[in-house]
Amino acid sequence: MPNENRLEEFRRYREQMNSRISEANHLGINRFFNLDTAAYHDGALPSKTKELLGLVASTVLRCNDCIDYHLIQCVQAGWSNEELTDALNVALIVGGSIVIPHLRHAVETIDLLRQET
Amino acid sequence: MPNENRLEEFRRYREQMNSRISEANHLGINRFFNLDTAAYHDGALPSKTKELLGLVASTVLRCNDCIDYHLIQCVQAGWSNEELTDALNVALIVGGSIVIPHLRHAVETIDLLRQET
Amino acid sequence: MPNENRLEEFRRYREQMNSRISEANHLGINRFFNLDTAAYHDGALPSKTKELLGLVASTVLRCNDCIDYHLIQCVQAGWSNEELTDALNVALIVGGSIVIPHLRHAVETIDLLRQET
Amino acid sequence: MPNENRLEEFRRYREQMNSRISEANHLGINRFFNLDTAAYHDGALPSKTKELLGLVASTVLRCNDCIDYHLIQCVQAGWSNEELTDALNVALIVGGSIVIPHLRHAVETIDLLRQET
Amino acid sequence: MPNENRLEEFRRYREQMNSRISEANHLGINRFFNLDTAAYHDGALPSKTKELLGLVASTVLRCNDCIDYHLIQCVQAGWSNEELTDALNVALIVGGSIVIPHLRHAVETIDLLRQET
Amino acid sequence: MPNENRLEEFRRYREQMNSRISEANHLGINRFFNLDTAAYHDGALPSKTKELLGLVASTVLRCNDCIDYHLIQCVQAGWSNEELTDALNVALIVGGSIVIPHLRHAVETIDLLRQET
């Protein structure tokens, strides 16, 4: 049974801990976070495409929090369910059945995101 | 010093061993190869976008042969060097410095591919 | 303290989300799921052996859901606790101490499965 | 919201399952656990340094339980928050943004450990 | 084109460097090597089965040297080409297309091993 | 048989391709390279310790080029063979037997580095 609030909890925990990390004032870590944000801004490739790249990278590396973060961005950027599913199929073929639990998680997250709007 | 013939050798070895694998007549393996090919055909997402997804997935998973294969497809699909570099930057941020040796390999492969044409 | 219901919850969530994924009607994904099922059917190797291979692959790749799924199949196929432990030892040696949290999970799952019968 | 008791639960579960694993009397597994413990004892390198190596290895391999275990040891060995953060920065650079969820977890664990004392 | 001597070179290099490592007289490392050898001896599972587990673990973790080592043992233990291929199919399904370059390598190694006898 | 010139070739190729990457003028990539360099400078932890952390991270992630790079730095920083071996033992225990081919490579690199001086 999906936890209806898990996206909200994820957003709150992520924000809270990112602040906590930033307070540690480690120049290298803070710069890395800035670079990470900038990597998905419009460049030679549009931001929308790069969020999809981030989603597939997160899926083959099997990180649910990273999948959720990029799905939030991808839905906001306007990707349809059909397009997201087609991207997740690439991740499934590249990464194999070990990716399936994360595919389940991703599909649940997409459903939760569509319910929010 | 880049080996000028390495792309040609890669293509020949890949084709030769794929035939050898197919001769083993394992239904599951042969079907997987068909699914793998089909995953990059036009669907909800165009083939061109999916090759870029394949490139980034291969880079964060650190597989040089897979990087070379998808770069061949990406160059053929019309992605420019600036766009490929921007996609590789996403892979670098997601995967970290452990990706750098594969970034070197990818940049060399792009150079070799441009020299072929 | 082990959650007594976690195997039941896993089975329910797995079934529910697999249906949800199948409803998306992505030909590639649905074919992959069929290939995945078929890979563990009797072939040159008996199904029983292949479930053990799936267990060890899931353990070195450190995926608890995959471990649980293959343990359910392995117990049903008739592997004893001593044989499962000997297989998990191979996974531990190959994969190192990073595998230990998943070894704990696997041993707990085996206990829960034996309690069910 | 951090679960205040999660370190206590982790310690209890870890101890309980390690006993359960040891009861299986698999010579290979029991010897591996002894080797694992011994690897962090004083040798050519002091134990304190080796716990920091274990922390960084656990972080780039993205295992929260292993991170928690080595943070408990690192705090006990006398590493300061600034030193732990500097080590985690190396893990972040080597492993990339996919490490960030585990960095959040590590920083939360450090806070919980400091509250205990 | 397969290098006809690569198995011989692998065996020589492996033996030479294992001696070199053993000369370092690190108790932990030497004990780990003994544990590694013992993990594939007859136990609750026969050695023959455990070599196949080692092969699949090595393949999903994508280590060519480890694949070669376990294939040498598997062929010596009497596994047929059809059985090895069926085991490699499990590794391919679990690990995905990123495993394919290692599948090529494995199939080439099997051919070289059959030519030796 | 170790290739006596492989460290020299590695250094030349690394420098050449890093220049080539830098010429692409991608701001994100160039900043990542700067962050990567800075991560190993003296901070809360001395540079010498951080190079050892980089070595162990590279070993458990099984990247030979990264291992070579950090070994060059570690030898220059003054770590003895006994200390390096003790650090590699931590990597072996954490990462398991799949690390062994990289342990062989690392030990060979250490020998080559000592011959240079």
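The letters A, B, C, D, E and F name the chains in turn, as written, and every chain counts its residues from 1.
Heads up, the rule we're going with is that contacts are C-beta pairs under 8 Å (C-beta built on N, C-alpha and C of every residue); 3 or more make two chains touch, one makes a residue touch a chain.
What you are looking at is a predicted structure, and each value in this text was computed from that prediction instead of being measured.
Both chain D and chain F are touched by A, B, C, E. Counted by residue number, the contact pairs of A-E are over half the same as those of C-F, the matching pair from B-F, C-F or D-F. Interface residue usage between chain A and chain F, two copies of one sequence, is largely shared: over half of the residue numbers at the contact are used by both copies. A comparison of the B-D and A-C interfaces places the larger number of contacting C-beta pairs at A-C. Among the remaining chains, the Cα-based centre furthest from that of chain D is the centre of B. Centre-to-centre spacing of chain B and chain C amounts to 31 Å, using the average Cα coordinate of each chain. With centres defined as mean CA coordinates, chain E is found 26 Å away from chain B.
Within chain A, the positions touching two or more other chains are listed as 28, 32, 35-36, 39, 43, 57-58, 60-61, 66, 85-86, 89, 92-95, 97-98. Chain F meets chain B in the complex at residues 12-14, 17-18, 20-21, 24, 26, 28-29, 32, 36, 57-58, 61, 63, 65-66. Against chain C, in their complex, chain A makes its touches with residues 1, 62, 81, 85-86, 88-89, 92-93, 97-98, 100-101, 103-104, 107-108, 111. Those residues of chain A lying in contact with chain E across their complex are 60, 92-99.
If you check the complex, the residues on chain D that touch chain F are 35-36, 39-40, 43-45, 49-50, 52-54, 56-58, 60-61, 66, 80, 82-83, 85-87, 89-91, 93-95. Chain D contributes residues 27-28, 31-32, 35, 38-39, 43 to its touches with chain E in the complex.
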